Structures are given as C-alpha cells and as structure tokens.
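A, B and C are the chain letters, set down in written order, and residue numbers restart from 1 in every chain.
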Amino acid sequence: MSATQTVSLAVPRRSLAQRYPALRRFLRHKPALLGLCVVVFMTLFSFAGPWVIPFNATDTDIRARLMEPFAGAHVLGTDPLGRDVLARLMYAGRISLSVGFAATALSVLIGVLVGLVAGFYRGAVGAVLMRFVDAMLCFPSIFLLLAIAALIEPSVTSIVVLIAMASWMEVARVVEGQIRSLRERDFALAAESLGAGDIRIMFRELLPNAVAPIVVAATLNIAHAILSESYISFLGYGIHPPTPSWGNMLENAQSYLTNAPWLAIVPGVAITLTVTSFNFIGDGLRDALDAKLDR
Amino acid sequence: MQQQQHSASALLQVQDLRKWYRLGGGWLGRPAQTVKAVDGVNFEIRRGEVLSLVGESGSGKSTIGRAILNLDPPTAGQVHFDGKPLAGLTRRQMRPLRRAMQMVFQDPYSSLNPKHTVEELLSAPLEIHMPQLTAEQRRDRIDAVLKTVGLNPAHRVRYPHEFSGGQRQRIGIARALMTEPKLLVADEPVSSLDVSVQAQVINLLLELKQRLGLTMLFISHDLAVVGHISDRIAVMYLGRLVEIGDAESLLNNPRHPYTRALMAAVPNIDPRQRRPRELLKGDIPSPLAPPSGCAFRTRCPHAQPACANGVPELRMVGQQHATACIRDDI
Amino acid sequence: MNHLEPIHFVAAEDSAQVDNILEVRDLNVAFRTAQGHVHAVRDVSFSLRRGETLALVGETSSGKSVTCLGLLGLTPPAPYCTISGSARLAARNGKTYELVGTPERVMRQVRGGVASVIFQEPMTSLNPVHTVGAQICESLRIHLGMKGRAATDRAAELLNQVGISDPKRRLTNYPHELSGGMRQRVMIAMAIACEPSLLIADEPTTALDVTIQAQILELLQKLQSDNRMAMIYITHNLGTVAEIADRVMVMYAGRIVEKADVVELFTRPQHPYSRGLIHSVPRLHSGRVRKTPLFAIPGNVPDPAAHPPGCTFGPRCGHFEPGRCDAAVPDLESARPGHLVRCVRWPEIEGAA
C-alpha cells in the first residue's frame, strides 16, 4: 500500500466554539462577561453619549449650580459652575479612557520590544536589559510620576507618555519570561533549522505564542493606567481644567464633600466600575487563555 | 581507515566530532564537570543512502544530529557537507546552507508552531530561501508536497491541533522537503507515534527515499525500525561509535557485544520463540563518569583486563563493517 | 448488595472460578467533558487467574489505561466519571472485594494491599522529596502495620528482590539519584510490598531503554512466578506482549475486539485490527525482507467523542462492507475455544492474508 495513497482520513472541522476553546472558557467566566459589558457601556457612554443628552460639559448656568441628582433636568446634578455633571462625566470619560488605552498601547509596545530582545538573546544582552527593567521597577511609580509631572507641562500626550513609562516594565517581564521558554521549544529550533533569521523567529514564530499573557497584562495595565491618570489629575498634576477627566472632577469635588457629595461620588463610581471591570476581564482572559488547557 | 578517505560520493563527512557540555562548578571551588555527550565520532553518509544512528539514553545520537546541522555547534571536530566545511560558521553564514539540509523532529506536538496554519508552516522555508516565488507558485508547491506526503491539500488552512500525531509528523516531513534538501536528518521521527501510524510514516520515508533519492540520517533507539529502513547502521554507546556497517552484515553478524546485547533485548514478536535471553546487567553508566577505556566494559560479558587500556578504535572486520571491540573471538 | 462488607463466596459453582482472582463483567467507564459524554470503556468483561499475565493491547484512546484506572477507582469522582458493571477481586486471605461502586475507604485498603499499580513514569510516581526507603515503609505501615526496624528490613529485602544491589544504602537515596531503570524497580518493590494478588502494570517499560526494558520484563516474570501474582500488562508494544503474556486482549476505541491466548493471537489473529497491528510492526528477529513497505493500517484512531456507526474500526478496515459492518456494533463471537473476536466477517477473512 503506497504511503501516498493513504490520504489520511480527514479530522472533521468542529464548530467555532469547539475550535476556540479559549473563547468558550471566557464566555463562561461570569465576572469577565459582566466586566466586558460594563467596559463596552462606559466606552459608548463616553464617546457616543454626548450626542444623546441635551446638555454640554462646558455651558455654565449659575442659576442651576449645585443641583442634586435626580431632582430636575440634570440627571446627575450640576457642579459649582452649573455645568451638567452627566455631560462632564462623559467627556471626562473620553479623556480617561483614551489615556488608559493609549498609555497601555505605548507601554505594551515598549515592553514587548524589550522583552522580546532580552528573552531571545539572553546572555549578556538579556541580563543587562532585565536588570534595567528591574531597576526601573524599583522606583516607586507614584513618586516618579508626580516628580516628573511637576516638572513638565501637563497635557494629555505627556500624561500618556508618563504613565506608559511607569508601566512598560511589567509587560517586559512577562514577555521576557515567555520568550525565554518558547525559544527552547522544538518549533523554534525547527525555524532555525529552516534558516530563518532572528527577526523572523522573534516576530513570526515566538511572539504569536506569547500573545495570551501579553493580552492579560495589557488589560490589567489599562485598569492601572486609568487609575494612575485619576490620581495624578486628582493631585493636580495631570489633566488641567477646563478639560475634564475623572480625576480632576474628583479634585474639584473635594471642597464640596459635605454639601454636594454627588460631585465626588459620580466620578468615583465611574472610575471604580471601569477599573474593576478591566480587572475582571483580565482575570477572565487569564483563565481562558491558560496555555495548559490548550493542546 | 576507509571511512576517513574523502570519497566523491560522500554527502556528509564527520571527523572526530566532539560535543562536550560543561556543568556548573568553578564558583565555589567545586570543579566543573564535563558531560562528553559525543566523544570522537567518525563516519560518512553517501549520497542516496540511509544511515541510521542507533543507541539508548546517553548515546549521543540526538546530539550528533543537531551538531551536524550546526544547530548545537560541535566543541571539536570537523563536519563536511557536500565538500564544504561547517565548523566555525556563524549562524548567519549557516542560513543559506540550511536549504540543503533539513531536520524532522521527534515530537509532532511541539515541532509545529501551534499558531500557524499548515500553509504558513510550509510557506516559511520558501519565503526564506526562495523569495522570488509568487504566492501562487508557493501555493502550488505546497499542494504538491502535501500530496507527496499523503495529506489533502485542502487542509492547508487548518491548524496543527486539528490533526492527529501521525498527520502532524507528515506535515513536519513536508516542511523538511519544501526546499528539496540533499540531506534529511530524522531525529526519532516515529518514536512518539502510535504503532499503526508508525508503519505509515516509515513507509512514507521509504517511498520518499526511493522516489526523491533522499539521503537520510535516521536517528532512533528502535533497532527493529532501524533494521527495516537503513542501508547502513551505526551503533552508539556513551558518545562513541561502537559498530558501523552495512545493515545486512551488521544485523546478521553483529561483532560488538553491545550490538548483540541490543539485538537480544529487542522483544521477539513470535511468542513461540521465547527463550531465556542473555540480558545485560546493570544500568547505563552516567555520561558524567564513563568507564575508562572501552565504555561498555562494565556491562560486557566478554570484558578483559585489556579493555580498560585506552578507547578502542574502529577496525574493519568485513567489507563494509567495522567494530570497536578489541576481541575477535566472540 | 451491601458494599460495606466484603462479599464472601460461600460455594463456588464452577471450580475454575475459585482460581479466578479477578472477574470483570460489563465494565463501562464514561467521562463528562466539555465535548460531551465520552464513553471511554464499553462492555469490557474478562477474568484473570492466579499467576496469569493478561496483556491489554491498544493505541491511543483504546481505553486500556482507563479500564484499569476504573477498576482501582483512580478515575475522577462522579459526576465527571461514571463507572458501571462489576469487578470482583479476590485477596490472598480469601476475602473478595467488589471494586465498582465501592466507597473510597474500602478502595484505599484494596490499593496497595490487594491490587497494586505501577505506571509509566516512575519519576512522577515517586515523591521527589522523600527517600526511597521512606516511601516503601509508608506503604508497609499503611497496609501491614509494620514499623521501625521491621519495616526497614522488609524494605531492604524488597529492594533485593527487585534486583537492586546494596539495598541498605539505596533506601537512603532520593528518587532523582537513581536511574530510570532503578526507579522503576523501586516502584515495583513498593507495589509488591504487601504481596498483592494482582499487579497492574501500565506501560511500565515504555519510557525505558530497551536493554533496561528487557531486565524489567524479566523481573516482572520472576516476581510473578515467585509470588503467584496475577498481572495485567498494559502496552502498545506488541513485542513485549509476545514475550510475557499468557493471554491477550486487544482493545480499540473502548471495546475489546479480540481476546485469545498469546500464541493463538500472534499466529492466527482474526480481527482485521489485530492483524493490521501485528503486520505493521517491523521485525528484527524473524527474517523479513527489509526496506520493503510495511503493512500500514490507513487512517487514524477515531475521536472518542464521535465514533462512527456500527463497527468503530470500519472506516479503516480493508474488509469493510457497507450495510453489514456499519449497521450495529458487532458482538464478541467465539472463533475458536478461548478465542473471541468482535467482527461480523471473521469467517470470511480467515482465509485471506
């Protein structure tokens, strides 16, 4: 019997859910699904919301200042200048979420590059890079951020860069560990035996297999970035008014805690919900993408 | 020695190959230990032939496979491929040469990148070595090779985990064939497969050898498989070659006690022929501390005091048959 | 039936039954997985006599390992795994245990005391942080109540029995200090420590070098004859089966497809799968023309969650007859006394090569 006649009996293709067990596992993780819904809602809320509501984040109306929520036309009340809190929340959400996503994207970019090179070349190069990462991790990020924020002109861009600078190390660590172990696998050796160059092996062979932990780290980074922006702005060094962000809304609400608590509660709840949701998504992704469960 | 002479028909020549690994030591006063995985091996592979390297754990056979391809460069010794010396070449310099020498790996589950489709896997060698091909041409080649190894070309969009072990191994073989290599190094290609699938892949390799005139270095621990597929067989023990020769000659008349012991240890498929077998005593010595002289003497039923004096050299005992045993009378 | 009490046979109807230490009837093991209900073992029945070696031969997902894990209650608990059927095991002291459906408490007594298992990878079966001696003594303590000096002496004696030299010193070794062959010997020593009436060996030599494999096989045979211990030997390696088995059961996709004495199976295999397997193995000893294509069974083992209708081997069988073979799962028929085969076409195939 000729081997070529043995056209192997085909393994039947299974459904999408069966082919991507990770997707199925993610869909079973209730907190993660909830988190995803909340995040999607908050994103739509912030970016599409302003078209829907009649008010504007910057129109002041002194006669309607400090109105309570659910009392009148302003669903979430007004601030000391009579601006609609709901509208401000939405615009602030745009800023905070954008900063979160952008800072994460940048930190992932830097972290992946550093981790990839360190994990692939190991030896002296790897050691030096990772010690640098360790050194950066030793800086208490809060103080680092504040110190630099105090020195430079704050703007959305600078905040994004700053937060990215404080969070790329975690990604680098994760990537370096993954790449270092993937490099020993047979398929990496096979790629080398085929004559593949270093760049090809790093980006086409190894990196796609490290995507799972990177995605998890990135998701958790978004949560961290939003939180970082909030407290930098809260401490006065971040986004400056009149541009609203959830952080500086909190800062502005400090002096009104007793008579207008909703000014603090509303952005506070927004931050908490969003950050927690990203954390849940990250957890769900981590469980779903657990490599041991895949074959 | 005949094997050393540069013959025009030799595709691969290995001279005094050594691969030593250093373990720890040095820091706190503990002396560094050296594992001599391969310790002075000589052989050649002629064009169109299948040479098998057979041995147990610690024999160094897999190490030789990687050393020959410079994936794990040798510590010492010379490797000539198609007349070109490979020692000392950097990874960059090796790359264009890799087109002609390919490897098939043991574990079909880890040797294929799980994130690539079959098409991407088979496209890679073409993209690296034949970048001038168009996507269309690449696809045609891929389809042709898939048919050659007995797989359905329509399955090229699937991922490795959608295939069985035997099919994955076929994909691995297909990948190795993409650049039409001159030499194929197969490192235990059937050891991880089910029995019924082993036969399929063995047949495939035999057919490829006949149709494409493939030269193959077949590494295995299974003497029965080796006996079935090889033209010549080389037996290894603790990093050294103990016997090498034409398959018929070696299997019908093994001259080295270790080869005999290996053959005796392989179970016989015929239950009517159960007889008390002459079994080896003891375990394989640790490669960290191989016995002096002939490494096999600690377990050899025919050992003499003279066996401890120096490592025996391979000497001819037949037309195409050499053994590294000093005794002639066993 | 009261599962808290061991069952006692009052009178044996069949005198041959007295010598049977294991009687398995209609054993079924099913798993609940994400892919659905997987029926790993179906309708397995066999018996085993004292001192006999039964080989369970099969490939991936044949159900050979699950059968034995199921017998000893080593499968996941319900509802992830359901076991039905009956399996009666006789201990040396005359007590009989029903293994299916027995509470864990009783099974713990059975395991190690009446029936033992040795697995393929001794490195993962032995606890790396305890010495070899400690592990053997633990087994002696649990099942025989031996302590202190008596236990250590017995442990050394066991190591000697399994062919380990300098046993007193070896007792103080940790598993990683021993070679693969030695570790497997230690596993065997632990398994026979309490003189079980049944030893289940699940691919014990697959991970070992062939010269060591031969030693271990010889050791197992010697221990069996010394202790009159029955053995179930699970493997995919037909050569080892030919070397040590008395009877053979070939399994495919969870069912027994052929059951016979070893010589009978290798000289006159009836089931196309058995024939295929036997002919596809390259031979070293019996003269066969080298470098010619081997007989190869086409296709692959079916997905455990999606078996083809009728005979599960049908799609790969050279003698498949549509309408007959895929109509229903064939029953086990008697081809000759003591030789059972699960194939509707076996009389016609008999003559063919």
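As a working rule, contacts are C-beta pairs under 8 Å (C-beta built on N, C-alpha and C of every residue); 3 or more make two chains touch, one makes a residue touch a chain.
All figures in this text were calculated on a predicted structure; none of them were measured in a lab.
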Original post:
What chain pair has the highest count of contacting C-beta pairs?
Top reply: B-C
Subject >> Farthest chain (mean CA position) relative to chain C >> reply: A
Original post:
What whole-number Å value describes the gap between the mean CA coordinates of chain A and chain B?
Top reply: 49
Original post:
Taking each chain's centre as its mean C-alpha position, how far apart are chain A and chain C in Å?
Top reply: 53
**OP:** Please compute the C-alpha centroid of chain B, do the same for chain C, then give the distance between them in whole Å.
**Re:** 33
Original post:
By residue number and range, which residues of chain B touch two or more other chains?
Top reply: 164, 166-167, 200, 203, 206-207
Subject >> chain C residues counted as touching two or more neighbouring chains >> reply: 293, 295-296, 298, 300
**OP:** Would you pick out the residues of chain A that each touch at least 2 other chains?
**Re:** 1-3, 6, 8, 11
Original post:
In the complex of these two chains, what residues of chain A are touching chain B?
Top reply: 1-8, 10-11, 13, 19, 185-187, 189-197, 200, 204-205, 208-209, 211, 294-295
Original post:
Where on chain B is chain A touching in the complex?
Top reply: 69, 71, 91-92, 94-99, 102-103, 105-107, 109-116, 124-125, 128-129, 147-152, 155, 158, 161-164, 166-167, 170, 172, 175, 179, 200, 203-204, 206-207
**OP:** Using the touch rule from the top, collect the residues of chain B that touch chain C in their complex.
**Re:** 56-57, 164-167, 194-200, 202-203, 206-207, 221-225, 227-229, 231, 247-248, 251, 261-274, 277, 279-281, 283-284
**OP:** Show which residues of chain C lie in contact with chain B when the two form their complex.
**Re:** 59-60, 179-182, 209-215, 217-218, 236-240, 242-243, 245, 262-263, 266-267, 276-278, 280-286, 290-298, 300-301
